[in-house]
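Below is one structure, written out as structure tokens; the observations come after it.
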Amino acid sequence: MAHKIAILGASGYTGAELVRLISQHPGLEIVALSADRKAGMEMAQVFPHLRHLALPTLCKINEIDFSQVDLCFCALPHKTSQQVISALPDTLKIVDLSADFRLRDPADYEAWYGNPHAAPELQKEAVYGLTEFYRAEIAAARLVAGTGCNAAAGQFALRPLIAAGVIDLDDIILDLKCAVSGAGRSLKEGLLHAELSEGYNAYAVGGSHRHLGEFDQEFSTIAGRPVQIQFTPHLMPANRGILATAYVKGDAQEIYSTFAAAYADEPFLDLLPFGEVPSTHHVRGSNFCHIGVSADRIEGRTIIIAALDNLTKGSSGQALQNANLMLGEDETTGLMMAPLFP
Amino acid sequence: MAHKIAILGASGYTGAELVRLISQHPGLEIVALSADRKAGMEMAQVFPHLRHLALPTLCKINEIDFSQVDLCFCALPHKTSQQVISALPDTLKIVDLSADFRLRDPADYEAWYGNPHAAPELQKEAVYGLTEFYRAEIAAARLVAGTGCNAAAGQFALRPLIAAGVIDLDDIILDLKCAVSGAGRSLKEGLLHAELSEGYNAYAVGGSHRHLGEFDQEFSTIAGRPVQIQFTPHLMPANRGILATAYVKGDAQEIYSTFAAAYADEPFLDLLPFGEVPSTHHVRGSNFCHIGVSADRIEGRTIIIAALDNLTKGSSGQALQNANLMLGEDETTGLMMAPLFP
Amino acid sequence: MAHKIAILGASGYTGAELVRLISQHPGLEIVALSADRKAGMEMAQVFPHLRHLALPTLCKINEIDFSQVDLCFCALPHKTSQQVISALPDTLKIVDLSADFRLRDPADYEAWYGNPHAAPELQKEAVYGLTEFYRAEIAAARLVAGTGCNAAAGQFALRPLIAAGVIDLDDIILDLKCAVSGAGRSLKEGLLHAELSEGYNAYAVGGSHRHLGEFDQEFSTIAGRPVQIQFTPHLMPANRGILATAYVKGDAQEIYSTFAAAYADEPFLDLLPFGEVPSTHHVRGSNFCHIGVSADRIEGRTIIIAALDNLTKGSSGQALQNANLMLGEDETTGLMMAPLFP
Amino acid sequence: MAHKIAILGASGYTGAELVRLISQHPGLEIVALSADRKAGMEMAQVFPHLRHLALPTLCKINEIDFSQVDLCFCALPHKTSQQVISALPDTLKIVDLSADFRLRDPADYEAWYGNPHAAPELQKEAVYGLTEFYRAEIAAARLVAGTGCNAAAGQFALRPLIAAGVIDLDDIILDLKCAVSGAGRSLKEGLLHAELSEGYNAYAVGGSHRHLGEFDQEFSTIAGRPVQIQFTPHLMPANRGILATAYVKGDAQEIYSTFAAAYADEPFLDLLPFGEVPSTHHVRGSNFCHIGVSADRIEGRTIIIAALDNLTKGSSGQALQNANLMLGEDETTGLMMAPLFP
């Protein structure tokens, strides 16, 4: 019998992506979809690409009978999420896609997000949802916090190296290029086609992007001492995809071996042959992350490039991967579709 | 036990799309992939987005043991296809994606393609692969000819109306917009990003596009008298998608009812509510075709718009749908994935 | 001495395009730029691509001393424009880029725009700004109403044919493809990059687009009897450009000769050799309109395709062309820059 | 009287861009255009966006009477250029846009380009064409070597800092994003719209890109000791534009002051207010380069971002700027057009 699934905040891109993925999952059934301002509408009106699916009508959160729900995906905006989740039954399994439970330390949360956390107890309970590095905890968790999409890409490119101590921890640069759907379906001038298409620019330059909170937390934890990286995101004229280019000091072959060992059994983390470079084209719409390692002409410098789809592996695909673990399903179920190219 | 599948011409976009689709089909197993100039290479080198799949090494056609193959997809260029297929075992089930067997009349073929047909006996045997209108024949066929992608879109927008006699047969205009992957992976100046992105233009204006051969054949057959439409394709700055805008003379409500009746049980042909307009966004990467009907302000004029993905429903998805029928599989197996949006 | 120019509504795309064009015009000097909600900001903050220019600080309209202004471009939203222009000195030369003064008949205006006109006297005074067809009137006018960008493209493709009586007036279809900047810098979900890029769709299908009011007015006037065309606009994943594909009944050679005669001396209307097709690529950023004529395979049917840049020839370039006439400048001054390709 | 100009290799993008720019230059007249394989064709057939211009028919190089030419732009492929230029009259002023004369040392040339230089004497004579840093030499030169487009962007972001000694010379990283027209109009699979649009990837990773030869030469020269930077170019789904993100060790305010002093009088190098970030959108089609400086959160680390149009400031605009100097024209003539946005 299928696990019963609710999705809160189904009218955004990550909500729609969850529906797309779950529609191919044999073990899950969507029983509720919420979207406060669009309650009463059909999903087909909000996302016509899903019109072939039989889906519940969009409702308000308080109209959902959570006693009939096995797991709830929460795709609400930051800050709203912590309030809503606080009010949900404390036995309900939850995968949160917002930023609200990614940082474990309330002081860190306040520093990066500018307000005190409204549910510090839940914050303590939440498990960081980077599946490949928190598998056991996620399988046992009630509340899992999905990572930032940039944070996921950056960690896939750097975590094993920091853990293995094969790179200089004080000189890590992450130049990241993110497609526009990472900013969601919000009405901002900078997200208009005419403002984005055919051009590109950096943003949050110099260390103000909130995903740095996750990098600091995770890299410092595994290094056992404070680690701060440089991180410059760029907005790219494309709808899906993150390309993370990391510049590190360390031996390229040793770095390659470290990845090869760390990711040998990973179904979704795919290390390319040494010297090959990944492209966002080759992961679009899929849950795969391609990772390439190249030596620089300067001795002791290495470039690592990771490519993933921000809406899939960077967000909703990761969420489903975590949900599979939490529900006792095979981790890869519903996630092995091939990328869409061209 | 899975049906054993060969794909000839696997290094083009339709070949790659077949592999993508079959990778999610539980009843099919790819046993051979040919690509003459790339024989010896792995598919992952030619199409890195497929690198997670265990696939046979690319080979030459004559290296394939066809006695071990249940069905062969032929994704070769026009003209090559008829020669290759002539040399295959005459018991092998074949779905051809080229233009070589779409026209039943050798004279029509020669008129549109400029050379006499090299395999007129096979041409006679071939069944036209527009699944929804040739189901029984396809299920019983040995050789099925996939339709042109534009031809598929145009027929979904017009066939039931011609069959039902609800429109003026002498005044049909089809203004079609096709994405660039319809032209394949060939090296032509006009297909370069710099020549296409941010601009658009018509081509083959005035009635020289070869898919008109299919329209003439099919529409005349169902009308029982010669029917010629006007057809102007445009090249659009997008990778996937066809939007076919048809202008007809006939009553919009009667036209809508005709579609509603004709497509009521079709799993992939999706008639939108009256007056709604489809978008290529909402079918991308899927096997669905969305169809919208709108009344014009001028009495007795109706606009029909059909949207599909040229590589899926317009080509490889259609091919798989036909293969399912030929192999006794459920027609929709492997084809119910949701579109990718955004 | 340079003519002194004010631009009202300088924070939109047509305002910025006017500044771009005027910056290369030796006879004009911008003395005032208004933008109500952005008053006090520099143009460089609103449009960083103009930061090399010395421009007045954005102000409110009522801060402008119109006694020091020779000509005022009004790039305000529809409906606002008629109110603002009513309050300007009645001796000020004005080129309005909104829809407010395009229709001469108050009843037509109300029918298409849904509200009674607030300045019917001005409406009477305004000259329709399709330069090539109203030159003398524009040169003598005080108030000129810029045409709709789609309306301009459609008229360039059809006016001479209607005037010459060489086509069937009851069977004209205009299938038009417009880039997204035609919708302005407004925050609408459908204008987001993620919603538009890589896809396309029709809108205002069936005769509800307001530019039909202009077609009806102009075509009926020159035909001397009511003429209604079918007009279906499509939104294209590109920033600039309109491609208008017209389907008419008439002899292609006669049509071509009609254009050749009508446009022989036009500096911006460029008739391509018979059978060639224009592309929006080839007019981008310029004031040119390329026009192609092709015969259909069906006797007596002709396809006319016109390409122009909606922001330049379709809007701000046309406005400057009209201003040149009104100020006694050479009509082409500041407008002969070559298109930007690729 | 106008200077007489020839353009060799007029059928490529940089050739067409030269024609676009020169068409607005009051002091230059194009008297010859060569394109070997397209000799006999009109420019309007090769580049329809230039069809409004009266231009010489394309010819073969040996058909040009160079005694009637004041200055020759050479937009030929690498390696061809050195052979052709060797055969030109040695009094002819030449601006070469190829890579052939960028490196002063024959050994460097051979190391980066893989073959011995065919015209080492000319190589010695050539002046490196980065206008802002070689003004006097260029004004006096007969042969000027246009820089690489990436090389120009990188040098605008780094030269003053290296010259002033305000950054660590051993730790410079340049992560560069280049639009596709930088690769020219050549038929390569990776340049097809379907392969590029909506995706992005790095290339020449690890120090193999030839523009590194220019960086090494120039940076080492001004530093007075060997300087090697890390340089990773990425191919972006856009037609025009380079965004160069440089990561350096040095004080952000000191770096900003250094730029402010160095570029104070530069007409085309535009330093943004501290902390602002440039976008390729804001320089498209223009000869401007926007430069932004931001402090990283890590003390002593600074990010510099430069944006320019690869075909204009990165190539043909730079060439015209140099030609202006060589011909005694004002340096900015024909180059002050505003960028095209959106």
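A, B, C and D label the chains in the order they appear, each numbered from 1.
Here is the rule we use: contacts are C-beta pairs under 8 Å (C-beta built on N, C-alpha and C of every residue); 3 or more make two chains touch, one makes a residue touch a chain.
These numbers come from a predicted model, not from an experiment.
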Same-interface partner of A-D, chosen from the options A-C, C-D or B-C, over half of the pairs matching: B-C
Comparison of B-C and B-D (more C-beta pairs in contact): B-C
Gap in Å, rounded to a whole number, between the CA centres of chain D and chain B: 45
Approximate Å spacing (C-alpha centroids) for the pair chain A, chain B: 36
Inter-chain centre distance, chain B versus chain C - centres from mean C-alpha coordinates, in Å: 39
Chain C, residues touching no fewer than two other chains: 13, 181, 194-195, 197-198, 237-240, 278-279, 281-282, 284, 342
Chain A to chain C touching residues, read off their complex: 13, 180-181, 185, 187-189, 191-198, 237-239
Residue ranges of chain D in contact with chain A within the complex: 171, 173, 175, 177, 194-195, 197-203, 205-208, 212, 228, 230, 232, 234, 236-241, 243, 245, 247, 275, 277-282, 284, 292, 294-298, 301, 303, 305, 307, 342
In the complex, chain D residues that touch chain C: 13, 16, 19-20, 23-24, 47-53, 181, 197-198, 239-240, 270, 272, 278-279, 281-286, 288, 290, 336-342
